Structures are given as C-alpha cells and as structure tokens.
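In what follows, subunit A forms one complex with subunit B and a second complex with subunit C.
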Partner chain A sequence: MNQRSLIAKTVFYLFIATMIIAILVPFFLFLSTSVYSEYEVYEFPRKFIPRTSFDLKIDWVDDKYDFSVFSREMDDYELLIQTDDLDKLRRFLKRNLSVQKTNEEIDRDFSISKNGEPLYLTYKKDLLYNYKTFFSITNKAGKAVVNSVIAAGWTILISLFFGSLAGYAIARYKFKGREQLSLILLVVRMFPAVAIAIPMLVYLLKMNFDNTMIGLAIVYSVGNIALTAWITSSIFSGINVELEEASYVFGATKLQTFIKITLPLAVPGLIACSMYAFLAAWNDSITALILSNNNPTLSLVIYKAIGSSSAIQLSAAGAVILIMPALVFTFIIKNYINQLWGEVKL
Partner chain B sequence: MEFLELKNLTKIYQKDIIAIDNINLKIHDGEFLVLLGPSGCGKTTTMRMIAGLEEVTKGDILLEGKRINDLRPKDRGVSMIFQSYAIWPHMTVFENIAYALKLRKMDKAVIKEKVLEVAKKASIIDYINRYPTQLSGGQRQRVAVARAMAVEPKLFLMDEPLSNLDAKLRVSMRTDLKEVHNELGATSIFVTHDQAEAMSLADRIVVMNTGTIEQIGSPNDIYHDSKTMFVANFIGSPSTNFIDIEIFEKDGKYFAKNDAFIFELDSKFNEGISKYVGEIVVLGVRPENFTLVDDEDKLFDLDVILIEPQGSHSVVVGKLLGKQIKIVTSKVFDLNSKGNMKVKIGGDYFIFDKNSEKRIH
Partner chain C sequence: MKNKFRKWTPYFLLTPALLYYLFFWIRPVFNAFIGSMTDFDGSFSLRFFIEVFKEPMFSAAFRNSVLFALISVLLQFSIAFMMALLLNKKFKGVNLLLFIALIPMAVPPAAVAILWKTGFSTFGWLNNILITLHIIKTPILWMTAQGFNALLFLILIDTWTVLPSVMIILLAGLQNLNKEYEEAGLIFGATKWQVTKDIVMPILKPTIITAVILRMIAAIQVWMISVMMFGYGRVPFLVERIAYYTDVVPMLDESYKMSLTYSVIVTVIVMLSVVLYLRASKKSKKEVEI
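Up next is the complex of A and B:
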C-alpha cells in the first residue's frame, strides 16, 4: 500500500470514528443517566459508568444507625444519614440510592451491627427504578405511549396514502402544471407545523378533532404528504414503465396493474418513506402542546417532565423511552432505505 | 379482408411533432412482418398504437375488419415482447407466465399445464421457480417469449426483443423466434433497427423513415429492388455506394459520366432516363456489384486506403472523387495492400433522382 492511500484511509477512518463518537456519546450519556440513582447524580465528578450496587457501612451509635456509603470520589465511606426509623431508612434507600428493600429486610440486615462492630454490606441497585418511577409519577405516561403510537400510525397511513397517489401521478402522467405542483409540494413542506397549528386548531375544534390523535395526525400529515409525494414520485419513476405496459397488454386494467405490479415493486421504498412520517409524528412536542394538551403524546409528556422536574435521571429515562421505539422502527426498515432513491432491481 | 389493416394512421405529439405521418399498411394472416428503420422513424410508435399503449391521433386500426382504436390493450388479444423484456421482478418465472392466464380466470390446473407446456417449449422449465434476478439475459428473454406464447395471441408484437443480447445469442434467439412463429402460426410484427435481423426473419419488411413508409417488400425485393436512396442506403452492410453522375445522350444511347469515368447505361434505363439528359443523377452500386479487374476493361482507378478482412470475404475501402467507396470481394488481401486498384461495375446498379431520391427505371 502506498503512503497516500494509507493517509487517505487513516483520515477516512478517523472521520468515521468521529461521527460514531459524536452520535454514540450523547446517547450513552442519556442511557447511563437514566439508570443513575439520585446519589450518583450529585457525585462529582460524575461517573460515566453507573453503579450497579452500593457498598454500605452501618454503625450502631447512640441507639441510631449511622448509614454510610462508599464514595468513589473520597475513597472512603461518606456518612449520609443517622436514624433509627426503619421507614425513613427504607425511603432513603429507595429515593437516593434506588435500592428497593422492605422494612423487614432492612431490620434483619442492619440489626447485626447492634453487636458494636461496624457492619459492611452490599446492596444491589434497581437499575429500572427511574423507568418505573417515570411511569408512576408522570401523569398519563402509559396512555401517552399508546397515543404516540396511534398518532404515528395514522400519520404514516394518511401521508403514505395521499402522498403516494400524488407521487404516482407526478411520475407517470404528463399534465399541465406538473412541474409547478411538485414545487408547491416542496413549499408546503417548508411551513413549520407550529406556524399552521393555530388555524389548524380552529379547524380541528370545528370538526371535534381537538385532543384526538387522528386530529394530530392530520396536522402532521400536511407537511409529510408533500415530502412523501416527492420521494414516492422518484420511486415510481424508477419502476420501468414497460413493466406496467406489459401488464396492460397481458390483460390487466389500470387498477389491477397498480395493485399487482406497481405497488409490490414500490413497497420497499414506501416502507422506507414511512420513516419520515413516523419520525415527524413521534418527535413532535410543540404541535401536540397546542393541539392536544389534554391528551398528550409521549414526547409532550417528556417535554413537560424535563421542563418541570429537577430530577434529570427521570428525564433521561423518559428520553430513552422515547428513543427506543424510534430505534426499533428504524432498525426494522433499515434494509429498505436504499430504495428511497428509486432503485428498483430487475 | 386483411388480418390487420392500418388506414391513414397518424400520430402527433404535443400538437406539432408528427411521429407517424398518414401510413397505410395491410398485414396478412400468419405473416412475419418486420418494421425496420433508424431510431425515431416511428416504427415503435406504430407498434405501440397497435398494442393500444399509445393513442391514435388520426386514422384507423382494423383487426380482422373490426376497428380497435378505442379498445383497451387488454381487450385486443395481442401479446407483446418488450425491449427490456418487462419481466416482473417480484414474481417467479411461473408467476410471470401465469399472470395473463390468471387474469383470464382460467382453472388452476389448466394454468399449470399451460405454463409448463410453454416453459418447456422455451426451454426454461428448469428455472420455473426462480426469480428474474437469478436469470441471465438470454433466459429472461425466453421467459418473455414464453409469457407471450402462453396467451395464444392472434397477434404477436415484438419490440426490438433481441437488442439487449450479445451478438452470438442474438443470432441464435433469432432462429428460435422464427421457429416459434412458424409453430404458432400467429401473425407477428417485429420492430428492429438491425437490417440483418430484418432480412433473416421477415416474410415482408416495411422500411420506415421519419414517420413514413419508404418501401414494403420481401427481403429480396428490398435489397435488389430498392425504391429509394434511403432504402438502398439502409439495407445491406456495407451500404450502397452513391456516386454523382451526369447523363448525356449520343446516337440514341445514354451515357453516364463524371470526372473519373464514363460508361454507357444499360438499355433498360432508356425510357426513364431520357428526361434527365444534361442533369446530375445519383448512381447507386451495391458493394458486391463492383468487381476488381485487370487493366483493359476497368471503369476507374480506386485509391485504396483500407482493407477490412471478414474471413469469407474482404471489404476494400477506397476514395473516388473525394468520396468513400466500399467494395466487397471474395479475394483475400494482405492487410497492408494500398495504392490503386482497378474497378468496374460487374453487376446491377440503381439510378436515383437527386432531388426526390426516388429510383429511375
């Protein structure tokens, strides 16, 4: 290998590595924060790898438990609380260390220290504590997940149905104003959804669609139909017209041809295209705030949680909950993404 | 009643682009007709209008006496092989062939039998469950043929079906297609720009140019009795040599002359040529109708610039009065032979009107 290509290769891999780090580091930070306990959040410097358990030291002093935790920062045990109240200890363990124990367990374990010797023990952290808390303290979180799925589903259906019909027309038929239409579609896309949210709310109120997911999906679809039409028109143009013509000659009507020939060939591209509709619906919180405040979606719930709570580990847990379905969805359709550029193999 | 008749057929695109200009054509039952012409001559448009894939601007298409202008493609009873084969990539070979039969709501067992039968004929029975992506170009071509055969059409349309194949395969598929035609006895219309393909397949050839028909005839007619300069030029490879000559008359005999030679015209031209005396016309000589000779009866000296060996024969390329002349001869030359060769017209020749480009008889 000559020197030049070695340098080129090195630069290339450095670039790729930088990209990967830039994407993965924030994601990992979220993930690790979401399993932090309250105690870890206020540790300084913050540890990148979250703890899975705590080393505790219990002293029986003055008829009270001196409850200490091993601090990685001080390399020694840090006294956190002095009490003989089991309820208080249980709540402290839960809230500050994400350790879930019953009064009986605490009593059984801790009372050994009453013989005068300091007691050392390790308690396992409940890694999913923040997630559980997120659902139990955040109002309507469970309902919000369902809402988000419904809104995304409707958005995909509406924008794919109308968008692909428009895309097919642009790709296959020559009509007056065809160029202008595709330009107008792009302009529609450029309106921020927030800008049209208020007039949309008026319409939705008139149709009794306010605070419903279908109403929200209609608003999301406005911009997405245009984008879908653009993308699908390139998918349909990529399908050789002769494939359709052959179908006509061999006895099919236009509708039969569309259903049996064109659509199956376009499906991979259409699936990839649905990713845009999904993401638009899934990620939006502003439009939902205006249009569906009383029946929020997941991203709206998280948006509010982040805005109002100081517990960043809870917000992080919410963010991860929001990311996961999007990740899963993207992974499912990743094989189809190449088809977005109108590449239909023969 | 003709099997298929095109009457004053015209196709105009975007109000002023004339693709097909008022053509009339009768196609007999069971014949193999080839539409031949350079790209843009309207041959494919004509075929697509017959198939119903293109709207007719003016004129009529009559199939067995019935006007089919407004019938949908599916109701015309035609079958087509496309240039790109148009095999549906999401269906197996079996499904491709069965598609048309299923749409006809035929019985499943009957469909299966029929598909296997045509697949056997097209020798693709071994690939019946494969997808088109797993097939070679030649195999896809056979699938297209099998699919077209399965519907037992009255009329077979083939739109440059061999142009995507490599040279050797093209020649062998050519023979296969002719066999299919003979076996089915269906009428076939075949579009191509390859004159050799047209010559070897056709019962009759329709030579088209810029939306009109130049000449209709058997391959031999078209070659030996070309009616226009375009046909003489388009048919045959290498194509006909054209040389400007001036006509003069002496003692009731007609002579052709130019700066390089002078000769007496065959007496069969006497009648037609008489009104061209003193005018420039075009002499057309097929490359094999020039003969290389010894000194005494030469017509002119050819300044040879290149020899193209073809195995069975050689093509001698030379210059006469600044224009290229090609001669086909059975003699074998050394590649580097250059210099002068002596040439005479050893066979038939055409004479064309320089303006109308029509044959003078």
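Up next is the complex of A and C:
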C-alpha cells in the first residue's frame, strides 16, 4: 500500500512537471528568440540562453580587418567578414549582431589591431534591438499600438454603458421576457464575429467609419455587451438590496443611491468587464482585417509581418509586445474567468 | 403611479442594449442572409452559394473545419479531464500551477502563431532541442507538412493554447463537487473508474457541456494559425476563406459576395452548435440562467 501511494505520488508530480515544462519551455524559448540577433538565429545547434555580448577577434591582414566572432558551438572564433569599410562594419554589427556602435567608436577600437597583434574585445548586444527595429521597419507599428488602445477604449465605453444598464435590470427587476433575454445574450455571445463584421462593412462605408477604430469597436461590442450584462448582473445581485433601501430611507433619490452606493460596490466587477472588453479588442484580427485593413491594429500588423518579413526574431519581438497587456489583464481577471464560461466558481 | 413606473423601469434600462442589438447585430446579419441570396441587381439567386459549393477549396475548408473541431475538442476534452481529475486534490503549489496554466490562455492568437513559428522553423528551437538531445541528426522540415499532417499540427498548437483553460473549467467544476457522493460510491464497493463514470461525470455534465460546446464554436472559426503557419490555401478553413477573400482578392463586389456567403455558412454551422448546446443543457436539467 505504501509503495503504491509512492508510485501514485511520483506519477502525480511527473505529470505536473510535464505540464509545467510543456507550457514554460516553448514560452521561454519564444521570449529568447525575440532578443536574438540575426547571427544567433542561424547558429545551429545553438545555446538557448541568448547572448548579452559578443567576444570579437579583430585581425589586421592585407589592409583589411578580419572580423571574427566567438562561436560557442565551435568553441573557436568564426570569421564573418573582411573589410576596411567602417560603414560596412557598423551595419554588419548592427544587423547581424544587434550591436550599436558609431563609426568613430569602431575606428578607435579596431585600429589598435593595426600594430600586428590580433585584438580581442567584447561588445555588448543591444537586447532591445529587435523591439526598436520592429517599430522602425514596420512603419505602421507605432500607429497600430495607438489604434489598438483606442479601439479597446471605445469597446470598453460602449460595452460598459449598454451592458451594465441591462445587467442592472436583470439583477434587480422581475419582468416579462427575462428568460428570453438571457437566451439572446447567450446566443449573441456565441455569434461568430466575422458574420457581423462583413455585413457591417457596408454600413461603415456609408457612415465613413471604415478604417476607423470606432467602427471596429461597434463590432467588438456586440459580444461584449452581452458579457458585460452577464457579469454585472451577477455583481448587482450580489449587492445587498437593503443597502439601497437604507439609502432611500435617508432621503436619497434613486439616482443618488445608484451613484453613491451601488456603483462603488460594483467597481471591481466593472473593471473586470473593462478588461474583458480590452482583451476582445486587443486580441482580434479577423474583424480588423475586414473593417480596417488600411489602418491596422497591432494584432493585424503582427499577422501581416509574418508574411512579409523573413526575420522571425522581429516578428517575435512584435508578438511579445502584443502579449504583454493581454498577459497582465488575464491574470487580473482570472477570478472572473469562470463567469465567462458559465457559473462555476474556482 | 409609482408602481407603474417601477414596472417600466427594467424595459427602460434594457432599451439601449436592445436598440444596439437591433442596429448592429440583427440588421447586419439579416442583410448578410439577404445579400448572400441575391444577385448584384437584387433579384433572388442562389448563384453565390453554388459558386461557393463549386469551389474546390470549399469542400477542403469544410472538411478541415469539421475535422479540426471534432478532433481538437475530443483531444482537448479528454486530456483536460484527466488532468483535472489528477489535479483535483489539495497539494502544495496548486496556485502556482494554475498561474502557469493561465499563460497560454493569455497569448493572443497572432502571437501564438509566431511563438510556434519560432519553434517549428528549420533552425527553430524545436529542432535545436531535438539535436541537442541527440534525437535527430539533421533538422526536420516541419513547415513542409501537407494535408492531414498539417491539420494535426495545427490541432496540437491549438491544444497547447486552450488545454489549460479547459482544464481549469473542469477543475473548478470538480472542486465544487460534493465529496460525499464519491465517498458513498466507494463505500458501496464501486471502483474509482465506476465512481468517475457514474457519479462524477453526470454531476459535472453542465460544466462539461459548457466547456465542450464553447470550445467547438471557437474551433469552427479557426483560421489564423493556419494562415500564419502555412499561408493561405495549404490548410483551408471556412473562416480562412473569408480572410482570403478579404485579404488576398481585391475587394470587388464578387469577392465581397463570396465572403458574405461564407460568413452565412459559418453562422449557420455555429448556430446549429448553439442549438445543440441548449438542447443538451436543457436535458441535463440546468436552466440557462443569469
């Protein structure tokens, strides 16, 4: 029996370990790809921890610099380029090794090797090089971040306004058609966004809202209003009606009570709703592709980057930027995740 | 007087949302249906449905979408359920584990595709790991996968992304479960498997149905990982066709009608799944309540 439970325990922890490895290893290796230099991407087989600096060897041979990098795989210096052109060296350092140096710095450092002895030196890698480059070569990337935030902002505003009013009604009143309403909200939650986006294109073109963020937000909000109503109704029903009644006793009006008593209590839930709305807008790309192809959001830019550029490390940098807010918000709202899926509580 | 006012308050509060849905949901979707069933001059015609059905890519897209939905949901559910059963006990670090499990869920689809592209490219980290571990000698060309292999590939990527979330939902359901039922079963001599099959599964049914159907709806609409991993047309899906007609074919009336028709087809399939869901959840006697 004791042995059996030991085996069971071992299996259990092996299982957990497998799960953690399966999640974290791809994620970590992806993150490290985003800080690789071009040279490291094609090192094969390579070490998985990205370099922070390069060990260089400079030889002055035949009036040219022999430029070598220490390869961890070969355990020796690998000759990469032979030139005396400082511009060429600077560009090579930047593009292939993610090392940012000026011509003067290169000239000052390298010319020491002219005395005949090979020169060994270490250059620090610019770890954020891919991130900066992603924004400078993808000319729409900066604008796209702003676009994504604006689209998300509109989605939050629209969903909160329409959704929380409906949520309050569902939580506080018994009325005819309440069950049918629940059904409608469920169906709309599940409705494919593309099926709204394509016909909406006609209306948005008519209203000159094509390629605008408000146009996108209108479509994103369709599903999100239902979700907001869903979440807020459960929040409002969790707020004690007696509190509101006490407020009336002291002579407050309905509106005053709502603003001073009910709303503050609902704030955490409303924040969660906002984050869901944010994520819906931030993560989407099919709606943006249909409605705002010429004025893309970040998600769309990253989707397009993979087709155009062969430099995977740049796309990876873009993707990391896309992930960051999504990751933060998902962790904040994790307690509400089950409301998204049903009424199970964790 | 006051009572009358109170009677109307909920409708007053609901009007904005209902109007919103009338204008931005019912109206466009209604027009999509009409648009897909009319010719350019507005006369009734099933021309575009016929054109869609005739497209060689359509049958492939339909088959792939259905296969993807069925296989991925089945795979994800069974693994997630086993994981949830295994993890359904109090142990040290359960919160940390749930924290880690949330990571793949939080990665937006566009980033998921790039994450795996960094792994599956010829000099990507997967080949690097395999060579470092001496499992292979030369890099495997993952990205040249064709047909069913390519589809399977996408299913695995999708599984990495959503498996933790399915697991968390089921785990939550299990943890709400009254332990006494299980214990009673065990006392009466049932095996662990019998308890799981005859006691845990039936009680958990609403949770299971919710998880499965919602996954299915999402799976039917898959497109992005396919396009980002393999480009358009290698592993076509229904929504991938819509993206194709929007992104690749210049936005002409013809291509607009084609994407409109595809969107109607996707809607019908998804809504059929919803009906299925509602039927099934009604059977399990749990009302859809807010």
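Here, the second predicted complex is superposed on the first by the 295 of 346 C-alpha atoms of A that agree within 3 Å, B and C clash if a C-alpha of one lies under 4 Å from a C-alpha of the other, contacts with A are read in each partner's own complex, and residues count from 1 in each chain.
We adopt the following convention: a contact is a pair of C-beta atoms (placed from the backbone, for glycine too) under 8 Å apart; a residue touches a chain by one contact, two chains touch by 3 or more.
Fair warning: this is a prediction, and the values are worked out from it, not measured in the lab.
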- In the overlay, answer first, second, both or neither for which of subunit B and subunit C A:G251 touches. first
- Message: Between subunit B and subunit C, whom does A:N211 touch in the aligned arrangement: first, second, both, or neither?
- Response: neither
- Message: Which partner chains sit in contact with A:A229 here, subunit B, subunit C, both or neither? Use first/second/both/neither.
- Response: second
- Task: Check the residue A:P264 against both partner chains and state whether it touches subunit B (first), subunit C (second), both, or neither.
- Result: first
- Item | Contacts of A:Q100 with subunit B and subunit C, given as first, second, both or neither | neither
- What is the contact status of A:S71 with respect to subunit B (first) and subunit C (second): first, second, both, or neither? neither
- Query: By residue count, is subunit A touched more by subunit B or by subunit C?
  - Reply: C
- Task: Could you pull out which residues of subunit A sit against subunit B in one structure and against subunit C in the other?
- Result: 344-346
- Given the complex with subunit B, which residues does subunit A contribute to the contact? 240, 242-243, 245-253, 256, 260-261, 264-265, 344-346
- Message: Looking at the complex, which residues from subunit C come into contact with subunit A?
- Response: 6-7, 9-11, 13-14, 16-17, 20-21, 24-25, 28-29, 31-32, 35, 83, 86-87, 91, 97-111, 113-119, 121, 123-125, 127-128, 131-132, 139, 160, 164-165, 168-169, 171-173, 175-176, 206-207, 210-211, 214, 217, 220-221, 223-224, 227-228, 231, 239, 242-243, 246-247, 256, 259-260, 263-264, 266-267, 270-271, 273-274, 277-278, 288-290
- Query: Can you name the residues of subunit B that touch subunit A in the complex?
  - Reply: 51-53, 72-74, 78-80, 82-84, 86-90, 99-100, 103-104, 132-133, 147, 151, 157
- Task: Can you check the complex and tell me which residues of subunit A touch subunit C?
- Result: 12, 15-16, 19-20, 22-24, 26-27, 29-30, 33, 41-42, 44-46, 48, 158, 161-163, 165-166, 168-170, 172-173, 175, 181-188, 190-192, 194-196, 198-203, 218-219, 221-222, 225, 229-230, 233-234, 282-283, 285-286, 289-290, 293, 299-300, 302-303, 306-307, 312, 315-316, 318-320, 322-323, 326-327, 329-331, 334, 337-338, 341-346
